[in-house]
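Below is one structure. I have some questions about it.
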Amino acid sequence: MPMIEMKNVSKWYGTFQVLADCSTQVEKGEVIVVCGPSGSGKSTLIKCVNGLEPFQQGEVRVNGISVGDAKTDLPKLRAHVGMVFQHFELFPHMSITENLAIAQVEVLGRGKDEARDRGLKLLDRVGLRAHADKFPGQLSGGQQQRVAIARALAMDPICMLFDEPTSALDPEMINEVLDVMVELAQEGMTMMVVTHEMGFARKVAHRVVFMDQGRIVEDDKKDAFFGSPRSERAQQFLSKILHH
Amino acid sequence: MSNWDWQVFCKDTIDGEIVARCFGGPGDLTYLDWLLSAWGWTLSVSLLALLVALAFGSIMGILRTAPNRGLVLLGNAWTELFRNIPLLVQIFLWYHVVPALIPPLRGVPSFILVVLGLGLFTSARISEQVKAGIQSLPRGQRMAGLALGFTLPQTYRHVILPMAFRIVIPPLTSESMNIVKNSAVAFAVSISELTLFALQAQEETARGIEIYLAVTGLYFLSAFALNRVLHFVEQRVRVPGMIGGGH
Amino acid sequence: MLNLDFAFLTPQVVSSYVLKGFAFSLQLTLVAMLGGIALGTVLALMRLSSRPWLALPAAAYANTMRSIPLVMVILWFFLLIPLAIGRPLGAEMSAVITFTLFEAAYYSEIMRAGIQSIPRGQVAAGYALGMTYGQTMGLVVLPQAFRNMLPVLLTQTIILFQDTSLVYAIGAYDLLKGFEVAGKNFNRPVETYLVAAVLYFAISFSLSMLVRKLQQRIAIVR
């Protein structure tokens, strides 16, 4: 059973169709990169996986559980699906340690000390132990994003969703975040990553999904995608962004 | 107009004799005693009304940002009702109309009715500010809370409200200064606060300027003190690394 | 318990008690609005001036008016104006002067924000074309500032309309007083206060809906 399964997902904002008949899946341990031009619907697609965006047609299953089903306990599902946002979205009124602990305590029911210790261990892993008692406003973008990854990992997720994790970062901070993500991938985490960073894709992705105007236009194994993409749109896209 | 008589405050309210040291004994009050007691009433009305306003205003402000249309409508209706009727008219409603329509409330002291009237009037304005504060937060904060597995109420409690309330402290400060000023309408229903003192003492002593100056000074002082207290609160709850509340 | 009787409010009763007060409330609002905006604009310009002898008094005036309860301001003027002019003054006349001067402080804050929101480049462009300060303000800045702040100015006017009820403190015969007198004469205070509340609500609510519509239309044209 795939970890993430999307079948014929369509979504409209009023009369505007933002996702059209999207189908794909992510197996356990797989890393897929979703790319495409702005407005292609890739952020919306990934937000459908954990139900942050509702969808009108189709089916989404995470570890067998249907996301669109009204009877599904969404908070419970989301507790086990980690998500990292473009703008980090750390909670500014809490210290780093508290950011890492709050959901462990309130959602998973862990004890405060256990939550704190797990948080500190993860901070260590992303190289930010020294900043444990600081507040998000006192950290740089790259540091905040690494903390955000740690915060998601603190919930022991079965898979991780990344929505353009480096798009809001200054260029010199992109690598520190990508390094953490590469490590995660190499440890076998199931990951779905919306990004423009093709270097990352080449390094650790198993498959690449290319979207345009709400449709999944290509869904290839990595080497196939970069070597000989089938659609003209994908070729155009690649030629433009690989120029850097 | 150029001969001041500050001694008026030391006069006994009944026979007009000057009392030594300006404070009378029980049953023998000077205007100064009366002034200070009136000040006490003004402060009590203001502070209690502020609590009522904060409680109801926060709830209505939160409801107006809820995903449920019915709750939003309730919050909006509340706000429109209390902000489109003049405060004085609302006070009269509480004082004359409510006890007549709801018999159990007939025995309620007018002080409580005024606190409710002033509090609910102000709650409409506070709900506006709380709503604005919540809506000024980046959308991603709510999503980040939900993504971690929080239910919506948990997201409000742990993520949205702590930041929203920090954002609204400055407008809240001016609202509380407004409440001190607005408490003056209580004179119309015979609450012995500063404005009623001003009206009555001015009539009795014909020293309007001195009386009015003292009363005005105390209003200034009260508003200023409240402002400083809330400023202190704002400093204490400030989040390190952030100016104001948002990004 | 709920034996309300509105039957006594015949058109004749309304016209003899309420209409007079209603007319006064409207007149007071209108005069205070026009006078207040005019004076307020002058105050705002003074406040934004680089000459301290203009800026400081204007700031002191605005801050003082905004720090005192309106009822006290009404009482102050009712006490001081007769002393200043040497003869007694009716409550209604005193109210007109009071409200114009009081609201000017609030309108001045609004106009100040409006003027400050106009990019400095506009002023520079005016001067570069050879305009004087007066021309630049009158032809370039103030028209734009007015347009931008129109919704806020109108909202303040709605508040002004509601505030006129406070002339109760000096016994002026306004809309609220009209209802109160009718209520006392027919011994039906509950009904009259209710009708007064509904009327104030209807007027304020419809006006604020109009202002909201206006806001949307102004936004599009920009």
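Think of it as A, B and C in the order they're written, each chain with its own count starting at 1.
The rule is short, and it goes like this: a contact is a pair of C-beta atoms (placed from the backbone, for glycine too) under 8 Å apart; a residue touches a chain by one contact, two chains touch by 3 or more.
What you are looking at is a predicted structure, and each value in this text was computed from that prediction instead of being measured.
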Count of contact steps on the shortest path from subunit B to subunit C: 1
Label of the chain whose CA centroid is most distant from the centroid of subunit B: A
Separation of mean Cα positions, subunit C and subunit B [Å, integer]: 22
Subunit A and subunit C, separation of their C-alpha mean positions in angstrom: 55
Centre-to-centre distance between subunit B and subunit A (centres being mean Cα positions), rounded to whole Å: 48
Residues of subunit A engaged with two or more neighbouring chains: none
Partner subunit A, residues of subunit B touching it in the complex: 138, 140-141, 143-151, 154, 158-159, 162-163, 166, 239-242, 247
List of subunit A residues in touch with subunit B within their complex: 47, 50, 52, 75-83, 85-87, 89-93, 102-103, 106-108, 134-139, 151-152, 155
List of subunit B residues in touch with subunit C within their complex: 1, 80-81, 83-90, 92-93, 96-97, 100-101, 103, 177, 180-185, 187-188, 195, 198-199, 202, 208-209, 212, 215-216, 219-220, 223
Of all residues in subunit C, those that touch subunit B in their complex: 1-2, 67-72, 75-76, 79-80, 83, 162-163, 165-166, 168-169, 176, 189-190, 193-194, 196-197, 200-201, 204-205, 208
